[in-house]
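What follows are several structures.
The same chain A turns up in both complexes below, where it pairs with chain B and then with chain C.
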Partner chain A sequence: MCASCSTLCTEPAPMPRRDRNLWFGLCALVLVAPWLLGGGYFINTSNFVAIYALPAIGLCLLVGYCGQLSISHAAFFALGAYASGILSARQGLNPWLALLLAQVLAAVVAVFIGWVVLRLRGHYLAIATLSFTIIIEVLIKELGSLTGGLQGLSGIPRLSLGGWPIASDTALHYLLWTVTLGVLWFALNLAHSRMGRAYRAIKEGDAATALLGVDVSRHKIEVFVLSSLFASLGGSLYAHFVTFVSPAAGSVMFAIDIILVLAFGGFDRLWGAMLGVLALTYLNEYAVTFADYKRVAFGVALVVIMSFFPTGLLAGLVAAGQRLWRKGA
Partner chain B sequence: MLAVRDLSMSFAGLRALSGVSFEVREGEVRAVIGPNGAGKTTLFNLITGALVPQAGELSFAGASLLGRGAPAIARLGLARTFQQAQLYRSLSVIENVLLGCHAAGRSGLVACGLGLGRARAEEHAARLWAQECLARVGYAGREDRIASELPLGEQRYVEIARALATRPRLLLLDEPAAGLNDSETDALADLLLQLRQSGLSLLVIEHHMRFVMRVSDRIVVLNFGEKIADGVPAAIRQDPAVIAAYLGNDDGTART
Partner chain C sequence: MLADFVQTVFAALSIGSMYALVAVGVTLVYSATRIINFAQGEFVMLGGMIMVSLYGEGGWPLWAAVPVTLLLTAALAALLGLVAYRPGRQGALISVLIITIGASMAISGSAFHVWDGDVHRFPAFSGDAPIKFLGAALAPQTLWIFGAAVLCIGALFLFLHHSLWGKAMRACAIDRTAAALMGIPVGPTVLASFVLAGLLGSIAGIVITPLTMVDYSGGMLLAIKGFSAAMLGGMGNVAGAVLGSVVFAVLEAFAATYLSSTVKELITFVVIILVLMFLPNGLLGGRQQRGLAQEDTLE
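And then the complex of A and B:
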């Protein structure tokens, strides 16, 4: 009986060996990165990679696996960032406690928003979640007494360990990447579990899935909340890392950037999302010199990628490469 | 075990079903036959909760099915297959069957994400059960093949295996023999009789008369949404109303 599943019977692990090896490889890389990158500029940018990976991983599960296109991840990122910032900078709470409460708040909002919008499908869902992002963006700008308005919110305290603020690039590197590696581990497990399978089934057709007794709307809400929480966690870490938040964190442009990350790496590939974040974050750094044209370039890139590689640029190239390889062999 | 009472349904004034009543007993194979457009598939859609009836009563094992959604009805122990197998095309054979096990699963999102031991143990047990279901329908191919690459006949068997994976008490099959040749049809009939032997009740829509006569304990005949006959195969074969409406020629195949 087990001839076809020999690995399974000895080891009923949810995650395939390849993913686990890649994950351990990334852990090793993170461990030695401060020596490799030599601190300063590169390590600082790598810290942003760790932060932006969180909403990207979340969106990958929601869009790539479950097929629910959402443009609300910037809003949840901002919600996490501002809640963390306001609670710690203005209310004087311990940053860790502020971070925790911010996630609770984001979860409550996500349950409500998810419950409302996940009845919608396709374009309607995209537009409803886009509206939510716009509402949050406007609220951030208008509620100046709370959020600092267009000036942004500054003076956000850093997270600390045993009374010592985590301030050096290297310390931040280990903190941020530990969180991101943990979230990635969780997402990889989930993607290869019965839940990930159900998400992919829902993506293909929710009516047939309901006939199998699967509670489709519950699954959709769960993955939406989880995915939004990853985004808000990224936002909170961003706030305590940069010690400043501006309305750009909750902008529609940022929402599109996160989608661009997936378009680059592959919508249903968690490792593709990681590579996408890496590429886009460093690209963004270099694009600073021609900031005015960056939007145009990224917009054109998104259109081109979606036209020729609807499953994502890297994923599409890999698939094309495999086809060529098979033809050659 | 399944009772259908005075079931009526119309679409934009067109009566698909009017006042249909019958029941399925525990452990029997019940067939629904009738010309195209007689309302057979509508009947299945009503029973499984995909459509809500305009009038009538549906109950299964003593519980009313009205007002329950499709997932809840499925969890009561009803499973169905479609005229055209509706597998998840991008998923593998075993993943398709595993989705039949999903609703019975207990491990939640957090247990799955953390990869807890009980989530793994459950996945392992589900996999063994899915393999057993594939074995029950005699699927002999590779279980990691992608569903869209399977020939249609194999897709149908995988779909039956997926339905069996939900541990149903009543299995609804919508034209399972469509497009099969004679020997494949015989093999399918053997399978259905085997399933009945194992205690499962079956409700089967089918056009293929020789197949229906062989597997059914009792047959309901629908015509233009109304029940025109109900009885054992031998009686149905000789019922004048059925012959007039449907059976027609005497070579054992239906006019379509």
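And then the complex of A and C:
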């Protein structure tokens, strides 16, 4: 990580004013949200938005910026959640320490997996990462004595501050959104830094990028590890927030849900990913009658969106709107 | 000891035949379009489910139920081909991959509503009385499965190598532009590959369901295993797909008998990652071009 830090520091990242303003706007919104939403159920759902935003931001960097499709974010989410849960609930570690150790573990696994699979491209990368997700899913279900198996792992302690557990929805709201806003700020900066430019160059073509003197495989592993870490951080926060994890957190279905978020918001748009998470989380929570048809509806949505807006629904609509606007003016 | 061994070989025989039918379908579509069809396993599921309704519960005779089942799945496969493959689409590997994932979810979700979430089966074609052989019990259905796989893949092989249509399909797989210039209708040929793949999957579902049973959600995992097998043998290569399926089936069957069923589930996916690492072109793919997937984009 040190090499990448120095790249980040020596190259002041010129984040566009629009992104910065949007980010401050989101901060303000988060600040007043508990009053606006009146606490309770709405706030609770908004906390899930903050958590699911983390793997989505990670996947956005990896797929949208670097062009590497990975179906392993659910696996890293589950890894973070279960590592945090097992260390704190079973080993009795302080939740903060458990959370930190979970990220270290996830980083080690991500470096290894990244090193193994990132020499593959396209379909082959997708299948290798999908295999990893299935391996993790099987392990979670089978290692019952460690993970609680199909019943899941319960009794995970909440994070606490000065001896007081953070339990109220409002307190959790501020905690979770602080983390998510921080990660988003980091990701926005990264996207416009020298590294972000390198990622986009890799997306356009490995060989040409290598020719320009960019260390392609190092950058790929870097962005893979970062992106997986965002997912595992989301998982750890989820574990301490819900105080329970089930194998569904590491399922292929959840991995596809995260991809669906990007298909909705736009693969190379961080703000699109945020909107996608917001829309899909509330859709999932409130359309209860819709739950029965979720599989069909999401499947059809994926087919239709990808057929007509291959860069993502919102991104595609915005682009179409801009074309119309220019034609009118 | 010997009985265990023979029993395991029988298990490998039926699993391997099913994987081979799926894997050959995957490879056919891949050759023609460079699309990895995540929905391939849904044809197996549909083949089984439609037969449950027609033959198992509807009481149709076999000679009527099978053709209708094949017809329905072939129609769906053609529809999928029309949706997933569009000749003019540029650089859209990820979006096509996601389209087939979406199609798989849509098909399995619809199956849940048409049928239900339960596990189904219908009676085996020649009864359930096992044939004793060297102390092991062979379900007669295993012979049906093996026979269907050999017959179908053999017929496909003859079709690809000795008929004009088959040669056209192979030409398209090698170079689509050149094939079009030679007057081969590329669009219909691509569609034919989807239909053939759908038929193979459906046949697998029809013969395997009496042994393994079927539910709405099993398709995705089967598709993943099918193209893992295809990849193991070398993508785009029918013989390779069969070889890969045999290797997987033997590994899984022996792991299940002599180790545990957990290990069996893990072995497939560990092997996939290892093969991708060390033999990215598969067992029969040769080693000349490392890092396959040069075709990151569709033409």
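One rule holds in what follows: the second predicted complex is superposed on the first by the 314 of 329 C-alpha atoms of A that agree within 3 Å, B and C clash if a C-alpha of one lies under 4 Å from a C-alpha of the other, contacts with A are read in each partner's own complex, and residues count from 1 in each chain.
Everything that follows uses one rule, which is that a contact is a pair of C-beta atoms (placed from the backbone, for glycine too) under 8 Å apart; a residue touches a chain by one contact, two chains touch by 3 or more.
Predicted, not measured: the structure shown is a model, and the values here were computed from it.
Look at A:Ala208: by the touch rule set out above, it reaches chain B but stays clear of chain C. Contacts of A:Val216 after superposition: chain B is touched, whereas chain C is not reached.
By the touch criterion defined above, A:Leu190 reaches chain B but does not reach chain C. In the superposition on chain A, contact is made by A:Met15 with chain B only, not with chain C. When the two complexes are overlaid on their common chain A, residue A:Ala198 makes contact with chain B while staying clear of chain C.
In the overlay built on the shared chain, the residue A:Ala320 is in contact with neither chain B nor chain C. Of the two partner chains, chain B is the only one that A:Leu226 touches; chain C does not reach it. By the touch criterion given at the top, residues 48, 50, 69-72, 74-75, 79-80, 86, 88-91, 95, 98-105, 107, 109, 112-115, 119-124, 126-128, 131, 142-144, 162, 166 of chain B touch chain A in their complex. Residues 36, 83, 89, 92-99, 101-110, 112-113, 220-221, 224, 227-228, 231, 262, 265-266, 269-270, 272-273, 276-277, 280, 291-293, 295-296 of chain C touch chain A in their complex. Partner chain C is touched in their complex by these residues of chain A: 63, 67, 69, 116-117, 119-128, 130-132, 134-135, 138-139, 142, 252, 256, 259, 263, 267, 292-303, 306-307, 310.
Chain A meets chain B in the complex at residues 1, 4-5, 8-9, 12-15, 186-187, 189-190, 193-198, 200-201, 204-205, 207-216, 222-223, 226.
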